[in-house]
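Report on the following structure.
Labels for the chains are A, B, C and D, by order of writing; each one numbers its residues from 1.
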Amino acid sequence: MSKGRLEAFSDGVLAIIITIMVLELKVPHGASLEDLTPLWPVFLSYVLSFIYIGIYWNNHHHMLHAASRVNGAILWANQLLLFWLSLVPFVTAWMGENHFAPVPVALYGVVLFLAAVSYTILARALAAHHGSDSKLARALGADFKGKASLAIYLTAIVVALTLPWLAGLLYTLVAVMWLVPDRRIERVLAE
Amino acid sequence: MSKGRLEAFSDGVLAIIITIMVLELKVPHGASLEDLTPLWPVFLSYVLSFIYIGIYWNNHHHMLHAASRVNGAILWANQLLLFWLSLVPFVTAWMGENHFAPVPVALYGVVLFLAAVSYTILARALAAHHGSDSKLARALGADFKGKASLAIYLTAIVVALTLPWLAGLLYTLVAVMWLVPDRRIERVLAE
Amino acid sequence: MSKGRLEAFSDGVLAIIITIMVLELKVPHGASLEDLTPLWPVFLSYVLSFIYIGIYWNNHHHMLHAASRVNGAILWANQLLLFWLSLVPFVTAWMGENHFAPVPVALYGVVLFLAAVSYTILARALAAHHGSDSKLARALGADFKGKASLAIYLTAIVVALTLPWLAGLLYTLVAVMWLVPDRRIERVLAE
Amino acid sequence: MSKGRLEAFSDGVLAIIITIMVLELKVPHGASLEDLTPLWPVFLSYVLSFIYIGIYWNNHHHMLHAASRVNGAILWANQLLLFWLSLVPFVTAWMGENHFAPVPVALYGVVLFLAAVSYTILARALAAHHGSDSKLARALGADFKGKASLAIYLTAIVVALTLPWLAGLLYTLVAVMWLVPDRRIERVLAE
C-alpha cells in the first residue's frame, strides 16, 4: 500500500487545523488599538498552537519520508493522531478566551499529551512494519526527545492547576525542543 | 482518464468534513470542568462521525488504489458519495446538541444509509469499468459487510424513534465492523 | 511551467468551497422534523450549488488533463475563475435564506455568469498557449454548450426579477446540460 | 529532502486562507440590493486580500518550482510566511468592517509587511541552500520589486494613520506591481 494518500490526507487535515484556529480571533467591533488588547491571550495561544501543529507537520513529513510503505495499523494510528490534533483548535480557544485559567491550560496539556502518545504509537507501527533493523527504526532510535516531552506534558498538567503560567512555559519549552526537525532521521538517511 | 485528481479532490473534501465538525464543539464561557459537561453529547457524536469519515477515507483509499482508471459515471458516483458525507457535520451537530433525541438520531442514520448506498454505487461503477473478472471486481466480491451495514442502518433508523440509544449502539457496531480495512482488496492484490 | 500545482491549488479551493457551504445549514434548536422545515430552501440552494461546483471541478479536471503546460496568463485566468466560484457560498446562502426572493436569485445568476465567463477566458488562454491546431484547441472547439449557458444565465437574471422560480429552473437546466462531462475532450484525446 | 509535501501543505493552507475569508461576507437579512450596500467595504477588502494571497501562491509556486530541494531552515521560513498570511483573514475583516478606519488599515499593512519579510527570508534560505551561483539564486537576483514593496508597505503604514484611503491605494499599487508573475525566474530557467 502506498503512502502518498496518507501524506496527502494528513497534509489536508493539518492545513485545515492550523488555519481554522485563526477563526477564533474574533474581529473586534471598535477600530482602535485598545480594541485589540483583549485578544492578546487568544493570539498568544494561537501562536503556540500554530507552532505545535507546524512541528507535527514537520516531523510527520520527516518520518513518512523515511517510510516506504504503510498498512492498516499505520493508517489507524495516523487517524488517532489526527483526532487528537483536531481537538487543538478547541482547547486553544478555551485556553485563550479564559486568559490561561488553570483547568483550560491543564486540558490543553492533556490533548498535547494524547497527541504525543499517538505519534509514538504511529512511530512504533511504522518501525514494526519496516523491521527493527530498517533505516526508519534506527532513525527513530531511543526517542529521547519523545519520552522527555511526555514527561514534561504530565508535569505541566499537574502544575497548571496551581501555576498555569508555568505550565504555559513548559509547553513552550517542549515546542522549542522540537523546533529543530528530527536530525536523527536526516542523519541515518544520509548514511 | 487518470484517478489522481479524483483521489486528491476526495481527500480534500474528506479532510475538510472531518475537521470542520470540530467547529461545532463551541468553546464554553466558563473555565471549569463543569462547563465542559454539557459538551459530552456533542463530543461523543463528534467521535463517532470522526471514526465514520476515517473509515470512508480508508476504504475509499483502498478501493481507488485497486482501480486503474475512472470515467464520467465514476466521477459522479464519487460526487454523490461526497454529497451525503458533506451532510455528516450537520446531522452530527443536530444529534449532539439534542442529546441523541429520536428524530436527530434517525436522520443521522438516514445520511449514513444514503452514503453507504452511494459507496455501493461507486464500487459497482468501478467494477463495471474494470470488467467483471478484474482484480477490483473480485476484490469487492459479494460485499457481505456492505449489505449487512445497509440492513443495520435501516434497522437503526426505525429503532431510533423509540430507543435512540440502541440506534447509537448499532451505528457504533457498524463502525467497529469496518474499522478493519477491507482485507479482501489487500488479499486479491497480493495474489 | 508544470500544471501540477495549479491543479492541486484549484482542487483545494474547490473542495473547501463545496464543503463550507454546508456551514450555512445552521443546526436548528428543536429536535423534531418540523424544526427542519424552514431549512428546505437553504438545503435546495445547497444542493444546486454542490452540483455546480462539482460540474466545475469535473470540467476543470477534464480541461487541465488535456493541457500539457501553463503560463502566467493561465494562472491568473484560473484565479479569476476561483474568485467568482468563491462567492458561490455567499450567494447560495443569501438565496436560500430569503426563500428564493427575486434579487438574491438574480445575483446568484450574476455570479454563475461571471464564473462561466472566467471559465471561457481560461479555456481560451489554454487553447492559445497550446496552439490553434492542438488537441486541446480542437477539443474545446465551438463551445456550443458554453455559449448556450451564458445566454441562459443572462435570461435567468432578467427573469429572476419577476419570476424567480423560473430562473431557478433555468439554473437547474444549465446544470443538467453539464452533468455529462465534456465528451469532446474525451473524444479528441481518444483519437 | 523533497519539496513535494512542502508545496502540498502550503497549497492547502493558502487555499483555506483564500476561501475562509469569504465567510466574513455575512449574509444580510434583507433580500434587496440595498441590504448588500453595507457589505461594500468588506467585499473590497476581500478582493484585495484574494489578489494578495493569489500573488503569494503564484510567486511561491514559481520560486519552489525553481528549487530542487529543501532543508529544515526552509521548512521553518515557510511556516513563518504561512503564519503571517494566516492573519490576513483577520486583518481583512477588521479593515472591512470598520470601513477602512486608520488603525485597521495600518495593521493590514503591518501583516503584509511581515509576510513580505518572511517571503524574503524564505527566498534567501532557498538561495543559500542551492548555492550563490545556482539558477535559483541568480533568478532571485537583486530583488528590486521585493525591496520596493517593503518600502511602500512601511510608507503606507505611516500614511494610514492620517490618510487611510491613500494607504489602500498604496497596497493596491504593490498588488498591481506583482500581478505579473516573477519573469526573472522564468527567464533564467529558460536559458
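As a convention for this text, a residue touches a chain if its C-beta (ideal position, glycine included) is under 8 Å from a C-beta of that chain, and two chains touch if they have at least 3 such contacts.
Keep in mind that this is a model prediction, so the values were computed, not measured.
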item: Residue-number overlap at the chain A/chain D interface, same or different (half cut); value: different
item: Chain at maximum distance from chain D, centres defined as averaged CA atoms; value: B
item: Equivalent-chain rotation between chain C and chain B, CA atoms, steps of 5 degrees; value: 90
item: For chain A paired with chain D, centre-to-centre distance based on mean C-alpha positions, whole Å; value: 26
item: Euclidean distance of C-alpha centroids - chain A vs chain C, Å; value: 37
item: Residue list for chain C, restricted to those that touch at least two other chains; value: 8, 12, 15-16, 20, 23
item: In the complex, chain D residues that touch chain C; value: 7-8, 11-12, 14-16, 18-20, 22-23, 25, 27-33, 36, 47, 50, 54, 57-58, 61-62, 65, 179-181, 186
item: Residues of chain B touching chain C in the complex; value: 1-2, 5-6, 8-9, 12-13, 15-17, 20, 23-24, 72, 75-76, 79, 82-83, 86-87, 89-90, 93-94, 97-98, 101-104, 107
